[in-house]
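Going by the order they are written in, the chains are A, B and C; count residues from 1 in each one.
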Amino acid sequence: MTTAPLTRRKAPVSLIAIFVTIVLLAAAPFWASRGTLNMLMEALAFLALAQMWNLLAGYTGLISVGQQAWVGLGGYLFFALAMFSGLPLLIALPVAALLSGLIAFPIGWIAFRLQGAYFAIGTWVIAEVFRLIAAQFSALGGGSGISLSIDVVKSLATSRGARDMVMYYIAFGLGIGSVMIVWLMLRSKWGLAFTAIRDSEPASESIGIRIRRVKFMVYVATAASTALTGGFIFLQKLRITPDAAFSVNEWSAFIIFIVVIGGIGSIEGPILGVILFFTLRSFAADWGSWYLITLGALAIGVMLVDRQGMWSILKSRGVPVLFKTTRWFEP
Amino acid sequence: MTPHNAFLEIRNLTAFYGDFQALFGIDLTMDEGDTMAVIGANGAGKSTMLRTLTGLLPSKGQNIRFAGAAIAGQPAHLIHKAGIAMVPEGRRLFPSLTVEENLSIGASGKRKGPWSLAAIYELFPDLHDRRHHGGTALSGGQQQMVAIGRALMSNPRLLLCDEISLGLSPKVIKDIYTAVPLIRARGTSMLVIEQDIAQAMAVATRVICLQEGRVSLSGRPEDLSRAEITRAYFGFEADEPDTNEPAREML
Amino acid sequence: MEWVNVLIQGVLLGGLYALFAAGLSLMFGVMRFVNIAHGDFIVLAAYLMLSFVTFMGWHPALGIVAVVLVMGTIGYLGQRILLNRVLGKDILPPILVTFGLSIILQNGMMEVFSADSRRVSSGALDVASISLPGDLAIGAMPLLMFVVALGVLAGLHVLFFHTALGRLLRATSDDAEMVPLMGGNKAHVFALATMIASGVVAVAGIMLAMKTNFDPSAGPSRLLFAFEAVIIGGLGSLWGTLAGGVVLGVAQVVGAQIDAGFQILAGHLVFLLILVVRPQGLFARMKG
């Protein structure tokens, strides 16, 4: 280890890369085709989900296989608010996320009674409970789901082009925002706590970090932001069903594989993972089940070869770190 | 190469916990029938040496020869099969097994020899009455006896003992140490870590002292002076060695 | 009387859940290892049974033996070749590897057997029932399953408490690091534990195949039932697992009585309730 000064070191290449990417993405509605734009929206939403799962698992060690609970809850609350409360859509979205965050308090309290791998399965049970309850609400279509009415959708913007634009910038905000928030968080005093927890729980307990509370707050925060993304995803789909909303494949398996293959415990990892995922998907469109089998095998391979994923392999080949989070030590 | 084949021969042994180096080139030779005492301050690396010897801590490219075979780098259960058993630091009995099960499980390696359940109960009669008790529902001294018996059940040629007197009263320590000559009489060589220097000197035929991961002294107990030992143990010349001694004896 | 009937049904269903749970509990007990693909292995065993008996026309008894042998072999080799490599302090690799296995198994079975739901018929046994005084009737199939579950649990009990291997497994559960110092090969002991668990999984899968329709995606909910039975019963307790299964079975059957769509939800809710009021389970022997 070599000590680095507390001041930010210049990282011109990586800063320029980040800046150019953001500008390109921000201008996407002006250069991308409708198909590309849709793909970007989906990718940005997946990026937000992946960053949140990574924050939870990669930094606080809480491995959840039940984040679909929050994607689905966000979606359903958003649909309920949009259809019955009369709130404008752009308000209903954050309100749904906020409500989900509130619900995450008692739910987290229950889930935290389980540890380690049992926590993982426990979160899955909770997601199933949410799914089964959602299927009981006949006002929301019960088991067969419900669509947003056209009037409600039009309230976002009357023309289709304008609607696409608004939706895209929501996705842009979610994707880029999730990266920035995680980055800022890791550079704050929270970041030190996370790193300490990740490296050694007993040691961080002894230096006075209240691990349980930090973990709990991260659980609640990621639940709320996952729900925000979930609300958006179903706004884009315009239709929600219990099976789609609480799908373990879509919102846990894919997300987990993205993070793990890209590189858990880093900001770059999920970004890399999303790029890989969407690239592979464009090739594998007609592979059917083989696509999922490939992803599963890749994730197993990563665990056997290098738990830190592709990003760690790239880093060891000399690719510079894009998001510096270490303040005192460079490993 | 050394012409005669020593019973146990360790050359330049190193050990690491991650990046932390705990042993820096230990050399040690032991003949069959020896009782070697290992002394040294807390953190000197005594337990680490035994853990490496038994294969619990991986040792890469080290040179450890036991009874004519290179055992370094072998998996722990094969080293055990070759005839090295250990009484670990803190006893580590299996709490959900009874006394007798704890003893029997020591024989999983199926080596032949003089030790059997009956022989252990003869050595430690206390255990016979309590053989159906839970392994950890015993006094500290009795638990220590189970741990020693469990290791003996594999009929080892070399028995490693890590601080078998730790936390026990002087009377119980004496009881346990009366077993040492009996164990030796059945042909088992012993390597014992002992904090109590007087006790170590009394049972050992050879002594080595570790200090910060290195051998700081080795020899026969009768050849070593108290001043030498103190220096090797603490790493400095004690001003008044006598102020330490009585304090230890009062314990 | 109707409610007595419901209760009996629930208890009998609990036997099946105890079978689901026993393998999971055994692996956790010995290795502190949770197999997320547990339910998918149960379904794999069900498909093996289907292949041997329905497709290849073997005698059911031969089919059962073959499924148990195949599953046991898969378990032993899988543990030795794959899972032993990822066991350790870090819980992420085992969770991920078994999650990956779960996805691979589900989609692999989809490729081979299609998404159609299947069932292994056991002929007259499917509909036979035993009438008891007072309008009570017990289905022969559920009863048989309960008896098989009791038999398997009793067998595990004997194995654990009256054999040298069982002693070694209990010792491994207490303190795996010490096992090599007893002359045990940890990799082999772990693989044996998984082999035994897989044998139980095989029986569970065979029961599943004979009891209900199943399809390649039926695994996860079996994992969740197994997991709930383990937690309700208390970690590490063999007979607690049976109690956990029975509580879950009764909850589901009573739920179904209230509303057909309420069956699974009722089971989950009772599980969460027990988690809140008694997180250590009903008969805990071990810390998570």
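As a working rule, a contact is a pair of C-beta atoms (placed from the backbone, for glycine too) under 8 Å apart; a residue touches a chain by one contact, two chains touch by 3 or more.
By chain, UniProt protein names: A, C = Inner-membrane translocator.
Fair warning: this is a prediction, and the values are worked out from it, not measured in the lab.
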Q) Looking at which chains touch which, would you call it a line, ring, star, complete or other? A) line
Q.
Out of every possible chain pairing, which has the most C-beta contacts?
A. A-C
Q | Separation of mean Cα positions, chain B and chain A (Inner-membrane translocator) [Å, integer] | A | 54
Q: Starting from the mean Cα coordinates of chain B and chain C (Inner-membrane translocator), work out the distance between those two points in Å.
A: 44
Q) Where the centres are mean C-alpha positions, what is the separation of chain A (Inner-membrane translocator) from chain C (Inner-membrane translocator), in Å? A) 33
(Q) Residue numbers of chain C (Inner-membrane translocator) touching chain A (Inner-membrane translocator) in their complex, please. (A) 33-34, 36, 82, 85-86, 90-97, 99-104, 106-108, 110-111, 220-221, 223-224, 227-228, 231, 261, 264-265, 268-269, 271-272, 275-276, 279, 288
Q. Which residues of chain A (Inner-membrane translocator) touch chain C (Inner-membrane translocator) in their complex?
A. 57, 61, 63, 65, 110, 113-118, 120-122, 124-126, 128-129, 132-133, 135-136, 143, 248-249, 253, 256-257, 260, 264, 288-290, 292-293, 295-297, 299-300, 302-304, 307
Q: Could you pull out which chain C (Inner-membrane translocator) residues touch chain B in their complex?
A: 164, 167-168, 170-171, 173-175, 177-186
Q) Where on chain B does chain C (Inner-membrane translocator) make contact in their complex? A) 54-56, 75-77, 80-81, 85-86, 88, 92, 94-97, 101, 104-111, 150-151, 154
